[in-house]
Every structure is written in C-alpha cells, then in structure tokens.
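Take this structure first; my questions come after.
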Amino acid sequence: MISKIVDSVAAALAGVDDGATVMIGGFGGAGMPTELVEGLIAQGAKGLTIVSNNAGNAEFGLAALLKAGRVRKVICSFPRQADSYVFDALYREGKIELELVPQGNLAERIRAAGAGIGGFFTKVGFGTELAKGKETREINGEMYVFESPIYADFALIKAEQGDRWGNLVYRKAARNFGPVMAMAAKTTVASVHELRELGAIDPEHVITPGIFVQRLVKIPRAATIAAGFKA
Amino acid sequence: MISKIVDSVAAALAGVDDGATVMIGGFGGAGMPTELVEGLIAQGAKGLTIVSNNAGNAEFGLAALLKAGRVRKVICSFPRQADSYVFDALYREGKIELELVPQGNLAERIRAAGAGIGGFFTKVGFGTELAKGKETREINGEMYVFESPIYADFALIKAEQGDRWGNLVYRKAARNFGPVMAMAAKTTVASVHELRELGAIDPEHVITPGIFVQRLVKIPRAATIAAGFKA
Amino acid sequence: MSYTKLNREQLAARVARDIHEGMYVNLGIGLPTLVANHFPANVEVFLQSENGLLGMGAAPAKGNEDFDLVNAGKQPVTLLAGGSFFHSADSFAMMRAGHLDVAVLGAFQVAANGDLANWHTGNPADIPAVGGAMDLAVGAKQTWVMMEHFTKDGVSKLVERCSYPITGVRCVKRIYTDLAVIDIVSDQFVLRETVAGLSAAQLSELSGVSFF
Amino acid sequence: MSYTKLNREQLAARVARDIHEGMYVNLGIGLPTLVANHFPANVEVFLQSENGLLGMGAAPAKGNEDFDLVNAGKQPVTLLAGGSFFHSADSFAMMRAGHLDVAVLGAFQVAANGDLANWHTGNPADIPAVGGAMDLAVGAKQTWVMMEHFTKDGVSKLVERCSYPITGVRCVKRIYTDLAVIDIVSDQFVLRETVAGLSAAQLSELSGVSFF
C-alpha cells in the first residue's frame, strides 16, 4: 500500500541538500507553506536558490530563511513589499542575488520544466531590461524573447486537502503557484490541512494528480491562520 | 445581463466562414461534439482546416463532414481507425491534406496558441519523419525540435455542464482536448448536457473559465449516447 | 480660463464609462483598482486578478476577510457567483494571449509611441519588482493607462520617449489622466477630451508634448 | 535443446514482474495492455492513460461500460479510488517530462542503439497515425518494449539499424520478447535472460544481431 504521508515536517524535508533549488508556493500569504519554510530553517540546508513569487514578509517564513543566511539567490517577480525589509537589506548589501522575472514568465517557465518544454518564445519582456541579453525572434511580425524552464530539486507547497496517493485540492486563491511547482520539482512536499481517505476527493475535482507529489504532511489549519480564515 | 447561451446549433455556428480553421474536441467518441459537427455540415462552410485528435469514424460526425467534401486539410495525431474509411479514401485519392502531429505536440501547440507562446522546443519527434525540415536545437545536451502554436477561428467542444457566463465542467475522460481548444480559438462553441444557474458550479471545480467560451448550446444527453452512458 | 483636475474617484468613473457589459478586465494595483467602484449596478463586467481569480467582487465587509481570497495587491476581496479559481500558469495564459479585453495600468511615464514605464524608477538603490505588469502590458487586447497627468513634482508623465526603464514596447492604446483622455495612434498622442476649461494648446504646453 | 516461446499472457506476466508497487506506468495499445492483468492483488501500481486518466482500473463488467471512460485504445475502463481526470495538455505534460517511471510500448523494430520504430511501416499506401507513441517513447523515465521476437514472416524485430521510420532516437532501455529479455546499454543489445532451452548463441543466430 502506497502512502506518501509523512508524520513530521522534518521527515517531509529530509534530503534538501546545500545548494539545492527550492520552489516555494504562495502569492503573499495565500498558499505560502509557512510551516515547511520554517522547517527548512530547522533542517539547515544553505546556499539555496529560492523560486517564489515574493521574497518574504517581516521576519517569518521566507524572510526568516533569508535572515538566517541560507539563501544565495532568489528568483521571483515581486520582492518589494511593504514589509520586505529583510530581503531589501540583503539585496542592498549585495549579499543575495536576485533574478527578477515577470510573473507570467515565472509561472510559464516553471510549467515548462514540468511539461518537458526546453524553452519557449514569449512577447512578455521584449525590449525591457529584464530581457537584456536574451535571444529574440520575430514571429508573425511580432517580437518574442526566448525563455528557459526553471527546474527545482524541491517544491514546498500548501494545499487544502490531500490523500495518501498525493492528490491535492487547494483553497480559493491559495492555489496560485502550487500546481505548476509540483510539476517542476524532483521532490514535491505538500502541507495539507486535511487528509482524506482515498477516493474521497472526486476525481473530477483533483487539481494536482498524485504523480506530482512525493510527500504530504498534515498541518492543522489553526496554526496557519495569519488572519481571517472563513470556512 | 450577459448570457452566452444560444438556443440552436445553427445560432451557435453562425459565422464559420469558408476556409476557416476549426478545432473539434474529443478522443474518439469521448468528448466529440457530434451535434455541432453535424451542424457544421448544415451550416455549409467549406475549404475547412480541421484540428482534432482523430479523423472521424464510420460516416457520422467528422467523417460525414469529410464525406461532404468540406475539409481541405486535417491536423491530427491518429487518423487511422478501424472505421476511418472515409478519411482513408480521401487521403489515398489525394483529396485531403494531412498534417500528422504527435498527440502531445498537438495538445501543447494548441495550448501555446491559447497561452500567448510564439513557439517552443520539445524533444518529441526529434530525428523522426514528423520533424523533417523543422528547426532543431541542443539544450542541456539533448536535442529538441521547434514547434509552433496552432490557432483556430472556431473550437467546437463538448462539456457536461455550463452556465450563462460560459463556465464549463466536463465528464471523465471526455475532458481531453476541450479545455485547451477553448483557449486557442477566437470563438469557442460548447455543447453542454446541462445548463446550471450562475454560481451552481463550484468555483473550485470550474475546468474552463467562461472567458474562454463565447457560445453555449444545450444538447440533451440522450441524443449523444452512442452506447453505455452510466450516471 | 481656469480648469479643475478630476479627483481620483472622478477619474475612476471616467475610465469605468468606457468599460462595457461583458468585457473581461484586469485592473492594476493602485489607482486602477478604484475603477471597480464605478460600474453601474447590474452591469456585468468580468474582473480578473493575476493570482488566479475571474469574477472578482467587491471588498468583503469588515470582519469577513478571507486571506485565501485576495487580489493582486494582496487585499481581501470576494468572488461573484459565476466566478472561478485557477492556477498561476492558467491565469497568465489568460492575461498573455489576448483573452482580456482591457488591462488598466498605472504608469510613471507613457511615450508617444505607446511605450509604457511603470515598474521601476531606474534608481539603482530601489528594489526592483515587476509582478504581472509586463504580462498585462503586452498581453491584453487593449492596454489603457490611468494616471495623474503630472508627478508630485509637476513633471509631465506624457513624454516623447520614456526615460524610466520600460514595461512594454508600443503597448499603450489609451491614456486617462486627471486632465485628459488621449489615444495613441501611429506613434502619436491624439487628444480625445480635456477637463472643462483646459484647451488642447494649454495641455500641450503644460505637458511638453504635441497632440494630434 | 528445444525451447518454447512465451505466450502473450506469459510475456505480460514477465513484464509485470519488473513493475513494482508505487510505479507510474503507461501501457501502450495492444500487447502492453495485457500487463495490467498480472499485477498481484493489493499491489498499487498507477496506470496512466494518455487521454487524461491516472489510476486506471480494469475493464468494467459487461453492461457497465461508460464511453466517457475509455483508455487510449478507446476501450471502456474503470477508474480506481484515488484516480483523477485531467485535460490532454496536462496528460502529455505528465508523459513528456519524465513523470512516468515506465512506458511499455509495442514495436515493429528496435535497433541496437535504442532507436524504436512502432508507428509507421513506411509503406506510402498505409495511412500514417502516431497518437501518443512519440511522446511516450522519449518522455518516460524508462521506455520498455514488449513484442514478439519475430514478425509473422519470421523476420527478427531486433535490428542493427531500423529500416522502418523511427518513433524516437535512442529511447529504448529494455526489451521483453517471447524469447528473451534484452537491455540496451551503450548502443548494444545486452542479453539478460532467455526462455529455457534457448542459448545466447542460438538467439543471436536466429535474430541476426549480436548480444553482449
């Protein structure tokens, strides 16, 4: 009997090596697997490349990982936030590398890795600083930029429900990067608020099929409510 | 109040011009919008390019459209079937053009059109007859082939339920090409077995958001059961 | 003659007037967000949010916030009946392939050729952040800019050529400011309307650019 | 010595022996489909079908067919508890990016360098059809071939170089036939086992290829 459920965050994060590329889901707080990121601090891996839409808030989660000096490089679309002072300081001091990527290119490059695409042409970014040095091509009279897939060793994502085969459903706008990151990483770790019996999730409603998930760990919802969860 | 629901197949197919590119959903019979294809015969457009996984069975649906001489070219992955004799004869007589595409390239090229991708590199097909004359590139030590998006004027797809904003859910393996074709066509026409009130489809369960659908028409299920529908 | 600038809500109402029932629209962070308050009741406009929502509704009542249901600015919102959720790659597919009728974006500068600058001041000390701005700028059927005509220092945001790093090349179709509505046609600013009491000549002089 | 070929079910059982619990597997149309009948009860193997199923189960009882629930060969199947449905682009993403552990495919020919031919005879009179064959051949972590060792005319399907149009370049890792199990290592056939009574030398002579 196959079960991908592990019983601790520590077990879920076993094997993250120094220098690994780690994707972290979420758009701001929605979908951010805060407990897994905190587990990564405890786990100890350093020299990490982090792929995430943002670069952390205040001093918890991703910001705490940055503050602990574990991150060599961030690949993201929107590092600047009202409370991104940890990232801001590291960046200004030249202590962290930033690869700034338009959000759609970020999502599409992650999907490309998960879908076996070696690279693709997009109009987004053409003629801007973010496309500097990149290959361009005219296609049907419009200019496109070549973008490459972003692969990861681990993806840490947050879902709402999961089962022992790794099938996941998300909640509202917390879905965001979870499904594509799950496809792009060698090992995907999902925190879920609820574990369901096999078959309890309608096969029509599965958002991430279990093939894309290697480990699940249950995190009670209470622990993750920054504010205002409404059932 | 916006309603994309039209009350007849004829109204759903208005504006398909001679020479149009028309995508038709389905994998064999599952997800094939048979009534819409028959409506296309009645509608009269000719010189069509059809994009579909198969090339018709016996003498109904797509095969009937071919038999009526309306199709100039078929872009598909698997034209040969036990009962694809209409296509087979046209092909042998040189009366129809075939662009044979590996099924995954077909799905990905259709998605590319719907996602604003100007083209992409895939390993699939490299070194084979189906990649002859196509651009190739070595990426990380592996050989890739460049593939271009497939756009369409119309997509004819079959879904299970829909609402007046065009949100769709599918049924089991009848989902197949519907969601990506809906994204790739200027005008997507969906036949649905059931019309739901707005909000009756859970927003977490919507597979095709209404933005990708321009017209819906209700087709009672009974009419489409070739065999063996099980509720 | 004297004239009065539109205030933020008046400007939002002006933009809303050009958004018709059935249009799919993305309202950028900041000023454009206000446009949502000015659609007439019962007119169905479909608002998309880059983080995976279609059919976005108004802000929830105080105490009813759900932080899994936020907009691109991470503010709590609601979802209308008929709305849907999807993942980021699907959301940006929607934004990048011309499925949205209009994207309304803020701007630092707009050039006569339609170049848009709205993501970075170019100051090396500033932390750069782009989010979905570049995707929206080139992906929507039409990109509209909604901005104050002048910076806080009184410098025109309409320019012959952007000095700030650009967000997209020749992507802006129409500009709504607190003084005027301007189209971009064939690499030129074409003045469509001004606030009462402001002549085209005056606006041209104030802006330091030519209108056609 | 004399030997006996494996029959189709024996061959399927032999392939099934190498598929372990927890593996994600796509069984191609035709002969490979039989492998599904030979997994021990209670061993969870995940079967994927290109038309958008994961967790495919056995054929339904007669009278319970659902023609919205078919496999790649358009035959009615069932879905196990824990299975899921998805669209074609997602299904092929799964197939093309190494998410499947094994694809088991039929073949016309396999060459010593791992080239596979299984989609087209090359006869201009034949209607070509490729389906998902090329995607599976290069997309799975491992591509295994399952075939009869000889054509109906007694010609070896193991060849030094494919004469039929190929499906994928250097993509086959292992071959199961009714006579032998053969790996492909460094562009060479490496014989792993033969049916009882058949020597390596005999098989090499019969096949017209060298084994290492």
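Chains here go by letter, A, B, C and D, matching the order in which they are written, and residues are numbered from 1 within each.
One rule holds in what follows: a residue touches a chain if its C-beta (ideal position, glycine included) is under 8 Å from a C-beta of that chain, and two chains touch if they have at least 3 such contacts.
On a predicted model such as this, the values are computed, not experimentally measured, just so you know.
More inter-chain C-beta contacts link the pair B-D than the other of A-D and B-D.
With each centre defined as the average position of its C-alpha atoms, the distance from chain C to chain D rounds to 54 Å. If you average the CA atoms of chain A and of chain B, the two centres end up 33 Å from each other. Each chain gets a centre from the mean of its Cα atoms; for chain A and chain D, those two points are 35 Å apart. The mean-CA centres of chain B and chain D are about 28 angstrom from one another, to the nearest whole unit.
Chain B has residues 108, 111, 115-116, 122-124, 170-172, 203-204 in contact with two or more other chains. Counting only residues that touch two or more partner chains, chain D has 79, 85-86, 89, 92-93, 96, 139. Taken together, the touching pairs give a contact graph of some other shape, not a line, ring, star or complete one. The set of touching chain pairs reads A-B, A-C, A-D, B-C, B-D, using the touch definition from the header. On chain C, the positions that touch chain B within their shared complex are 21-22, 24, 42, 44, 46, 48, 54-55, 79-86, 89, 92-94, 96-100, 139.
Chain B contributes residues 108, 112, 115-124, 137, 139-140, 142, 144, 148, 169-172, 203-205 to its touches with chain A in the complex.
The part of chain D that touches chain B in the complex is made up of residues 49-53, 64-70, 74, 76, 79, 85-89, 91-93, 95-96, 120, 125, 127-135, 138-139, 165-169. Residue ranges of chain A in contact with chain C, taken from their complex: 27-31, 53, 77-80, 84, 87-88, 91-92, 98, 100-108, 110-111, 122-130, 143, 170-180, 207, 225-230. Chain B meets chain C in the complex at residues 1-2, 111, 113-116, 163-165, 167, 183, 198-199, 203-204, 206, 209-212.
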